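For clarity, chains are labelled A, B and C in written order, and residue numbers in each chain start from 1.
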Amino acid sequence: MVDDLGVDIAGSRGRADTHILRHVSLELRAGEMHGLVGETGSGKSMTARAAVGLLPPGGRIVSGRVLLGVQNLVGLSEKEFRQIRGPRIAMIFQNPRTALHPLLSVQTQMGNVLKAHLDLGAEQRRNRILSYLRLAGIHDPERVAHSFPHELSGGMAQRVVIATSLICEPEILIADEPTTGLDATVQRQILDELAALQAQLALSVLMITHDLAIVAQYCDWVSVMQDGRIVEDGPMRGVLKEPKADYTRNLLAASRLAGLRERVKA
Amino acid sequence: MTTVRTEPTARVDRSGDPAIVVENLVKRFRGRRRGQPEVVAVDSVSFAVPTGASLGLVGESGSGKSTVARCVLGLLPADGGSIEVLGRQIIDADADELRGWRRDMQIVFQEPFESLDPRIRIGAAIAEPLQIHTQLRGRELSGRVLELMELVALRAALRDRYPHELSGGQQQRVNIARAIATHPSVLLLDEPTSSLDVSVRADILRLLVSLQDELRLTSLFISHDLHTIRSVCDRVAVMYHGRLVEEGPVGEVLRNPAHPYTEFLLGSELPVDPDVEPITRPVRGEHGSDVGSGCVFAPRCPLRVAECDLRQPDLVAAGPAHVAACIFVGSAKHVA
Amino acid sequence: MGPPGAEGSSAVDPLVVETAGRFSVFRLPARVRPRHNVPLAGGLAILLFLVLGSFIVPALSPYGPQEANPADALVSPSLHHPFGTDESGFDVMTRVFYAARIDLSLSALGVGLGLLIGVLLGVAAGFSRGLLGEIAMRVVDLIQAFPLFILAVALVALSGNHLSNIVWALAFLTTPIFLRLIRSRVLTIREQRYIEAAVALGNSRRRLLMRHVLPNALSPVIVQFGISMGYAILTIAGLAFLGVGVQVPTPEWGSMILIGRNNITTGQWWTVVFPGIWLALAVVGLNLLSDGIERAREVHR
């Protein structure tokens, strides 16, 4: 099944009707990890939110479509969206601890998600929760399931978030800067695990990030955004090795810290 | 460009000695909630930064690197050890004396906006250290501020702006201008570019490197990013869970790491070039998990043997001016 | 969101002005302009009206504010007495305007004193780490638990019935409010990165407090001043009712209302309504003014 997300938006918002997204188009191909790169204010997060109907108050889509398969997601009611979010499209964010309910145990939270979308008995739910926690790279799922978010480390919390997002077996996962703020070693672990999960579950992943290194090592396709527009779009290798847009070239140079030689002791 | 001379500081010229000498620095924090044990944030850390050199302090969150920086400047009282900056003992120094010394040692923090008083215009913010430590006033003062702004590539017209009217990169330049205003000899940088956009990061780093050369600064650069340190520092010290585990020339340490943790750090780096394969290292566990009385890294270390859990390994030589705290230094064993 | 005001054109180098002054509270040309700052303009207008009125009207009026004329008691509003007269034959209009002097000055002094003491102690309590701060707060708790009116009566018993007792009573009442307000702001501010940066620059404790902590901590205090002054005027009335402070025949809005409140049932509304309106006007004007001042101080937009 081809999961094809075609997005063409000119989102606008606010008092003076600022256009925050202009004619943004990208296509998430089945089974691929698609990197959406940009700096703060580029609109990368907004694009994802617009796609799943999570625009902030005052924001609205003024043109374009969001295609999930053949269904256009623009203009769907909140109720209809809720049937899509979870079972078909899942989203994970940057700060894992804020994504989890601080007062509920992991088990309860994941159970709530299951109850909302699938019809399973209590026993089945528990087993499913444990198996998905294990899938997300957690070695002692029993202990984690009974824990509360503040008892978990950053990396562990993010794994729980990942497990929760996948528990209804979506086709698409949108990851909005999932590893920003995590330590380098943990970041690497999580990204490796995500890549493995993607292959295992045949997921299509939209990886939103400002880090070109993540794109270089994990993504198949990349779109570069600046000021609400897509500046460049193409297969990862092509874009990173031979960037066509000036902005992309500058971004690459800056990421490599070009111009700063390795210091030799005087 | 005429340089307005500030008053010469009464400081003994010790260009032969290292500008910063830290010996067995210890800092503990009481548990924040009931039942939480005391945390030893910095556990007997020692290092020296030669005058005019730049040392990168690398570690992940919880390693204690920021705490070390604050102790070095006397912003946090230490619980043990000795800290000498420009020949002056910082620990238990007299408060007024310490304040006077600050003209020679400054810091730039990670958060560009939060480091600035939101009610004070940036021109005045840059002038502040000069008002405190020098007799410059009026037109001379304004002149010096404009000079500093030019030095960090800030348009003079911005001096009447408030911090929130500036971009992150500009705010950080203000912080830098403010920090070098009194011609300090020592400059601490606590993750100065981590909160900035990628495109701005390179510019700021380039500025810092050129300032370091021009002003002959001795700097302590704290970061979690190896790539930054590689490009900016002469030497590097690696911290893990409050202990210094490796130290040496930056090229040497990052090419031939002697400590397993350093190897892990290098292994987690992601190259921006898609053709370069990232090194795959078996990294286990989370920072600071299950630390006992032995080597801090033992619980996660693939080279772990019984001896590792007995006591903390000392720093032993791993090369010229290169030390590491691991019992396997010098042996053929490396992480696969 | 461009640079504030037309300062660039002024002769004085703005940078020099900033560095010369120690308090940055009142240096804001642009935001004081009426078009941009309605509350400030409105508040000033009302207060100006009240204050000027309190001098002009009694001066022009043929009746003194304390001139009793029992023969003319309870005359309804007319050409001779635009606001009517009260039980004792006082001309209500003259008294209503005159009362502004008493009410505004007493409450300003009382609340002002409370602010001064409260801010000083609050900053000290907020900045101290450890036992001193805690002890201070418990003392404040005690003070706030103390019934105001008993204090006022006690003061009168001790030192006689002077107006200054009201000022002390008001200060006593308002000090804890300002103290708590400032203390909580200081507690937050002292953890800010820019305070740490200011320390790293070499600021002395005193300079730190004056230059960085206070200016940032004052916002809620200024607004509270206006609110408290409104309440203070009401408190003055209450105290007058108890026989503390303002006595008949001194004109004071609150006591005029209290004295005249029985007249409403007999249809003589003017003895109560006019003082009431002026009282409300004063409270509104004060709140607007303090709001306006705070808005003028605002740096974020």
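Assume a contact is a pair of C-beta atoms (placed from the backbone, for glycine too) under 8 Å apart; a residue touches a chain by one contact, two chains touch by 3 or more.
No experiment lies behind these values; they were computed from the predicted model shown.
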item: Joint neighbours of chain C and chain B, given as chain labels; value: none
item: Farthest-lying chain, centroid of Cα atoms versus that of chain C; value: A
item: Central chain (distance from its CA mean to the mean of all protein CA atoms); value: B
item: Inter-centroid spacing, chain C versus chain B (mean Cα positions, whole Å); value: 50
item: Between chain A and chain B, centroid-to-centroid distance (C-alpha), Å; value: 33
item: Distance from the mean Cα position of chain C to that of chain A, given in whole angstrom; value: 54
item: Touch list for chain B against partner chain A, complex; value: 52-54, 60-61, 197-202, 205-206, 209, 224-228, 230-235, 249-251, 264-265, 267-275, 278, 283, 286-287
item: Chain B-facing residues of chain A, complex; value: 39-40, 153, 155-156, 183-189, 191, 210-214, 216-217, 236-237, 240-241, 250-266
item: Touching residues (chain side chain C, partner chain B) in the complex; value: 1, 3-4, 7-8, 13-16, 18-19, 24, 192-194, 196-204, 207, 211-212, 215-216, 299-300
item: Touching residues (chain side chain B, partner chain C) in the complex; value: 73, 75, 99-100, 102-103, 106-107, 109, 111, 114-121, 123-124, 127-129, 131-133, 137-139, 141-142, 145, 159-162, 164-165, 175, 178
